[in-house]
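Right after this note come the structures.
Okay, so subunit A shows up in both of these, paired with subunit B first and subunit C after.
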Partner chain A sequence: MTELSGENYAARCDVADHRVTLTGTLRLNGLAEYAPVVALLSEAAAGAASMTLDVSGLEFLNSSGIAVLSKFVIEARNRGDLALTIIGSTAIPWQGKSLQNLKRLMPSLSIELR
Partner chain B sequence: MGEDGSSGGGWQARLRRVPIGRRISYTLIVYLLAVAVMVVSGWQVSLLTRSYREDSAALREQTRKITAIRHAIGTLGVLGDFFLRGGDTSMVAQFNVMAADLERDLLPFVDDAEALDLEPRRLQMSLEGYIRAFGDAVELSMSAHELYTGYLSSSEDLMRRRLLRLAEQSDLSPEMHETLLQARFEFSQARRAILAFMSSQEGLGAVPAVAGLRRVEERLRWAVTLDDRQDFSTDFQKADAVLQNMKQQIARIKMLADRRTKISQGFLALYNLGMNRSADRLVDLVAEREGAFQERLKRKMNVTLGITGVGVLFLLVAGFAASGLIARSIRDPILRLNAAMREVSEGNWERDLAEDEGSDEIAEMTGTLDVFKRNALRLRELEVEKREALAREKEETERALADLDVANHEIRMLNDRLNEENLRLGTELDVSRRLQRMLLPRPEELAEVAPLDIAAFMEPATEVGGDYYDVLADGDGVCIGIGDVTGHGLESGVVMLLAQSAVRTLVAAEEHDLPRLLDVLNRAMYQNIRRMGCEKNLSFALLDYRPRGADEALPADAAGRLHIVGQHESVLILRRSGELEELDTLELGLPLGLVDDIGAYTGVAVADLRGGDTVVLYSDGITEAADGAGNLFGVGRLKAELLRHAGDDAATVKDALIAAVRAHIGEAPVYDDMTLLVIRQK
Partner chain C sequence: MSETFGTFHPGDEESAVQENLLLSFSPSLLPLQQRWRNNGLSADFLADYVTTFFPKDEADPASAARQSTVKGAVSYIANELLENAMKYSESVGDVHPITIRLVLQTDRILFEETNAASPPAAASYRRFIDEVQTNDPSDIYFRKVEAMAESGHESGLGLITMVVDYSASLAWRFETLADGCEVVTTQVCLEI
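After this line comes the complex of A and B, so read on.
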């Protein structure tokens, strides 16, 4: 279990379960500041056949954060053997469009909206 | 104050356990009791006095009645005596009335006989005896009187007439005449004696009467001797018979008189004596009784007054003592406390305040003051400790300061380095800002676009983001680009600059195949971003406007047509009629620079514009502008504000929308660049 937290947000990685949960408001500046989050996602995905990313508690994600997620999804698609599921929420504005973009980048991506 | 601490102290200790207010109440209660006792005693004395006055009056009345009876008895005795000595019968009636009155007056006393030593009973008996004896005497008198009037007086008359007739005889010898005269004289003397006897009713009165009659008898016997011819012997015999008869009658009357005398001198006198003695005794008894009563009453009064006086005095003394004790139980501890406090105030901190033994308000106060004192003492100790600690600290500080000088030097060096870095960052920020501004279309360029009324707004965040927009004239038409590079700072600014340059190049090269234009643009951006070694990308949409021309099959009322390519925020179209359309650009592309080939993700949307239709383009800095509580402005609010301005010119709409966004943000920080383009078909 690895955890990250900062002003207004928390990121938790359950390695055994291959599950990453992001909550709060993520407004980190640029990819450099997102590196720990990227590391967390990579850790969860490493050697796993399936993985779940739960963003249903993530109220806001800035464009850098969306770029990070996009990169991660493209990498997952390129790997080809990772069944990725993203759990989102219809009540959060940024997720509507961004999660659809992710689905377009990786058609096998499974999105569960709550 | 402590001289009688052994006895007063015990009391005081006991009193001190009682609250002061209740102690004062106790004093009041004692005084109230004293007053109550006085009032009750006074009332009792007045009751006693009144009953005394009543009883006394009753007794005096009895005395008065007894005295009256005494007098009546005296009067009755005199009356009886007087009657028996020759009173007439009217006295008998008077006697009877008086006697009846007396008997009646005496009755109440007889009922009360026990208290008066049976004396009234004796008096009653004497009275009855007296009345009875008097009655007997009266009866005897009456009988004697009857005898006299019935026989004796007529015999007298007969005798007187015989003697007169004898004396009037004409042939009487002078001697005879003389003797008869003497007989008549003697008879009149005898008659006077009889009258005296009758009136005195004394047995002894009969002696002169009988003697008188004997002298008459002797004269007549003498005359008989002188009557030698015996001419008057019959007359003399008759007269002698009358005389003998008279003597017999007198003897009978004497017998009655003797009996009466026996009664009057024996029974009557005896009863009268008894009566008088009883009456006297009764008067004495009643007087005695009254005296005893008065004596008793006086004693009772004295006892009552004595008890009352002693009680009141006791209560007053007790009350005085109690209030004195209570006053002292309040005053002493206060004085003690005051003295102790003065000592403490003069600096004797060793003085113990909490020696008080009570549990009342003063004891509480003393306890509180002691706490204050102890606190003050503790504070003083703390101050001393603090002063010592400060001295120690000062020593240490001086030592530390010497060490600090060394560290300070290092810090100053580090600080200098930091300042340099800040300067570099500040410069970078400044450069990014200038880069962003440098290539925005100028207002006159917007005005030159003949068929469209365009108003633009761009405000960078404190840390510049990567917003971009451009308006490029292209033959008859206009190309309008809008984009947003991820992240902030110089790198984002450079990526934006590259995008602007590439778009301008492609438009200048008259590339009208929009998917191809987007694809070329994406490749250029993808490769350049890779070269830059950063992982930026940008959302980007291009709107290609063509006015109504010969080669376009536009609807009759349309003034121009928009072709839209690339993924960005929604395109809002407010129709002149007031209808609002939201055109989603999600399916028209992907963020540029994310993947090398976006051909598969590209699409083109078409929208016809009629005169008065307004198109609004915005960056996510507008919809994601947050207020103090973190609520985003959102597309909803943007659309609602836009709907209020159907038909307004582009500048008015722009100003209204920006004002709404600013009102929403309030004092909250602006995180991202805000870009707004309002395009109105003229």
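After this line comes the complex of A and C, so read on.
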């Protein structure tokens, strides 16, 4: 289990389960500040046939964070052999829109809204 | 000299029913990194403030969802405008502060963010505006995201997501100052 946390967010990677969980508010400054989060996503995806990204507790995400998730989804799409599932929440407004945009980037992406 | 692009909504109509909040920041007072967290604090303050005008009504379950939607949209848009201002504004002291104004009208929320920009930054912003005005926003969004995944450089995604994800409309005003800098106003209109 690898964990990161900042002022208002936490990121957890369960390597054995190939699962990353993001919670709180992520408004880091540009792609460079997101590098540790990207490293967690890469760690969970490495060598995995499937992985899960749980953002159902991520209340706010800025456009740099949306860019990071989009980049990760595009890389998963280009890899071709990773079954990616994103778990979101219907109670968090940004997710309905942004997660559908991710689906458009990777049509095989599975989105579960709870 | 003043130049506008897009449909600029008047934010000062005396007859209109409106609430008005103005926050002003001096870009030179603190380094960017030390004030980055204030973008989110300011955005959340504006979003919390607005919720008063969209009260939850227990008899109407849709009211809670509406409050949450408006709060999320205000928080996102205000934060993105402030992040852009901190990234791209010219630090020329207290003379040209970064300001964000939120105007709550009966059928829309207006956001007006103002900052000073160097001539190269203003020229780059004009090219972006031209791209936004002459292409489908959704096409621009997906093109930028794919390019960003290749290059690792993000650019202009914040404003585009306001249009694509929140159905907001954008307008801009450039005013040239005596020192050659320009004061750029970005207005975001969110219909409610």
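One rule holds in what follows: the second predicted complex is superposed on the first by the 114 of 114 C-alpha atoms of A that agree within 3 Å, B and C clash if a C-alpha of one lies under 4 Å from a C-alpha of the other, contacts with A are read in each partner's own complex, and residues count from 1 in each chain.
One rule holds in what follows: a contact is a pair of C-beta atoms (placed from the backbone, for glycine too) under 8 Å apart; a residue touches a chain by one contact, two chains touch by 3 or more.
Everything quoted here is computed from the prediction, not taken from an experiment.
With the two structures aligned on subunit A, subunit B clashes with subunit C.
Within the superposed three-chain model, A:Ser64 lies in touch with subunit B and with subunit C [touch as defined at top].
With both structures placed on the common chain, the touch criterion links A:Ile74 to subunit B and to subunit C.
Judged by the touch definition given at the top, the superposed model places A:Pro36 against neither subunit B nor subunit C. By the document's definition of touching, of the two partners only subunit C reaches A:Glu7; subunit B does not.
By the touch criterion defined above, A:Ala91 lies against subunit C but remains apart from subunit B after alignment on the C-alpha atoms of chain A.
Only one of the subunit B stretches 61-69, 205-213 or 493-501 carries C-alpha atoms that clash with subunit C in the superposed arrangement, namely 493-501.
Residues 25, 27, 29-31, 60, 62-64, 66-67, 70-71, 74, 93-94, 97, 101, 104-105 of subunit A contact both subunit B in one complex and subunit C in the other.
By the touch criterion given at the top, residues 463, 484-489, 491, 534-537, 539, 567, 586, 590-591, 594-595, 601, 620, 623-624, 630, 632, 634-635, 671-672 of subunit B touch subunit A in their complex.
In the complex of the two chains, the subunit C residues touching subunit A come out as 32-33, 36-37, 39-40, 68-69, 71-73, 75-76, 79-80, 83, 87, 141-142, 145-146, 148-149, 152-154, 157-158, 161, 164-166.
Listing the residues of subunit A that touch subunit C in their complex gives 7-8, 25, 27, 29-31, 60, 62-64, 66-67, 70-71, 74-75, 91-94, 97-98, 101, 104-105. Those residues of subunit A whose C-beta lies close enough to touch subunit B in the complex are 25, 27, 29-31, 59-60, 62-64, 66-67, 70-71, 74, 93-94, 97, 100-101, 104-105.
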